[in-house]
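Common to both upcoming complexes is subunit A, partnered first by subunit B, then by subunit C.
What follows is the complex of A and B.
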């Protein structure tokens, strides 16, 4: 094991980790917004929009991220839309994640007792107020474990970014292996950095799930 | 359950109790009045908002007792926060729960939750209060504390429409009893008359179930 080499390339990994995290978080934030909007549309059974959302979810969930990224990165410029690799990465991740987030929030919404909604209506609240103050907050609480599982899934999916020449962790490791043939060291660093990013999210998820199990519900 | 050709009038300050076998349409009637259940034909006229109290309390679990009470006055009626809070505390005091203002629903007993649900409806100053079997989910020892609150409201001449299985309570609280079966009004009489001298066979049979 060449520790000197590992120490030398550490800054490259750090830079790559920052990029991975940044694009990952951007994608996750947009995915979350898209997921909330889609989930509410599905839950409220909004005509027309609901069908559109369902089509989107099927496309998003049944195509690989790599294909989605190629479509955005190589396909869109043909239609006159040229985006930077970074924006393409975030957009691809958001496109993939939106459908997973939508499912997480939809099941959260459906877990809220229907009578809670009626209770809010009977207090004179409208649909939007009911969603915002009564159903929404309760749905968010029950969606957190699924949400965090999606965050982990999406952060791992960022490893595909290297395919559109974003210098993320995966790209950096492959690049270094090609340059120096230090395969073991490069891959070990790759694993360490991914763990460094993902373990805190995983542990948070486990802690939240434990808490929710013991918290018990009741109106 | 369907309601059929049902006509009912509740006067201001009157307490009408609806009784009848399970599944006769009592709860459906309340839900219709409150707009939770669509009606195919006919009309419902109220002088103002109706306040509803559910069998299963339906407090909002993510909000404290005080916030449960303040949500609708602030967001729906757009009232001033200070005034709403003051009224909420007064109401809580009246039902003996002022110390629970900052508790969350899951920290309360069933009886306490239901008392909160009642004052949460009251704070909106509804023209009529609808009670949907508000003691049916309670442990026996908690039924009393909730019924006392309802009785107290009756004494204050609140307009109320009460669905209940507690016959003793129905008798005590009602100005008028409406007996419903299979979606129709079978008998309608003053409280005493209904319990002492029911006219229809169906009402007699129904009341017999409660005599041991």
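What follows is the complex of A and C.
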């Protein structure tokens, strides 16, 4: 173990961790928005849009992120659209995550017994009110575990960013191994940094899950 | 906090102990000449996307200057050849972990690399070069602005050189030749620094590019590498390369694999025929 080397390259890992987190969070935020919109469209069975969403979900879930990134980063410039690597990374993550988030929220929505919705309607509540006060909160609570699993999944997916020259944690480690040949040290730092990012997410996840248990799927 | 500790500490212990046990072994992870002969197959690490040195052609066959040499090695050794596609940054790693017996992936001999692997006699000359678009030819790295990115491939001598000598130039790093070329064509950076052989080939194969800096840094050689300490294989390779030098094998190799790209112009500057250079 070469601790002097590890100390030397620490700033590079810190920079990479910040980049990984920043692009990861950007991607996750957009994915969540996309997911909510798609889930509501599916749940409310909006004509035409519903078909479009289904096509999107199938494309997004059945192609690897790497392929999506190649398309955005190397493909789009051929059509005259040149985006920075960082935007491409976040866009790719949002495109991939959107469908997973949509499925998570949709299953949350569908888990709320139809009777509740019908009761709300019969009490004179409108569609928006029903979503806002009756179905929405319960759906959010039940979809939290799936949502957090997606967050962790998407943060880990950033490890393919090397393909588009983004110096994320994985590429930084690979690059340093190629430069200085300190494989074990570089990989150990990599593991530590990923844990550093992901452990808090999964621990907060567990805590939030416990607190959100109030939502019964009452029939 | 307690929970974090409960998870983290065993993980760290696991990682550390795994290394202590593993690190010692990595040095002996090679197969000797006898073992390779007995197994009947030699594993050779080559590039799959570095035309015309190591690449896969339309029919899925490995081709190029490195590959032509690799084929001959296997033939003279009397074994079958198993090509292992490698990226620049993986080359030492592949040798140290025993994934390949020989690296023949345009591997430049450097002092740092000599501490990690053993190089046989050189078979090619090389130095660094920089290629840029015709509308803005970069003639000197001093001309670059603060935001002008330069493309390099992770794990190459060009990367090491630029980090050491021009730490302020923003580098755009790629892990394969294929993606670097694609990005360069898309115009994401003003220049691409690499082995001069590679950038010259790129400018010849693609219209609209000029090698503004044909030589950067020192002149180096390219040689086959084996795992450190694998003397039986190393000695056999050196004898083989000397023998091949007598029959001017690498000139023939140049005619077969490189002449289409470079013409006759670079033959004598590029080719090294089995002799000690140091």
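Please note the rule applied: the second predicted complex is superposed on the first by the 205 of 219 C-alpha atoms of A that agree within 3 Å, B and C clash if a C-alpha of one lies under 4 Å from a C-alpha of the other, contacts with A are read in each partner's own complex, and residues count from 1 in each chain.
Criterion: a contact is a pair of C-beta atoms (placed from the backbone, for glycine too) under 8 Å apart; a residue touches a chain by one contact, two chains touch by 3 or more.
Computed from a predicted model, the values in this text were never measured in an experiment.
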{"item": "Contacts of A:195 with subunit B and subunit C, given as first, second, both or neither", "value": "second"}
{"item": "Subunit B versus subunit C as contact partner of A:141, first or second or both or neither", "value": "first"}
{"item": "Contacts of A:115 with subunit B and subunit C, given as first, second, both or neither", "value": "first"}
{"item": "First, second, both or neither for A:179, with subunit B first and subunit C second", "value": "second"}
{"item": "Subunit C versus subunit B, contacts on subunit A by residue", "value": "C"}
{"item": "Which superposed partner A:47 touches (first subunit B, second subunit C, both, neither)", "value": "neither"}
{"item": "Touched partner set for A:124, first subunit B, second subunit C, both or neither", "value": "first"}
{"item": "Complex interface listing, subunit A residues touching subunit B", "value": "113, 115-116, 118-125, 129, 133-134, 137-138, 141, 216-219"}
{"item": "Subunit C-facing residues of subunit A, complex", "value": "1, 73-74, 77-78, 82, 85, 162-165, 167, 171, 174-175, 177-181, 183-184, 188, 191-192, 195, 199, 203"}
{"item": "Interfacial residue positions of subunit B with respect to subunit A in the complex", "value": "31, 34-36, 49-52, 54, 56-62, 71-72, 75-77, 105-106, 113, 120-121, 124"}
{"item": "Interfacial residue positions of subunit C with respect to subunit A in the complex", "value": "3-4, 7-8, 11-12, 15-16, 19, 22-23, 88-93, 96, 112-113, 115-116, 154-156, 159-160, 163, 172-175, 179, 182-183, 186-188"}
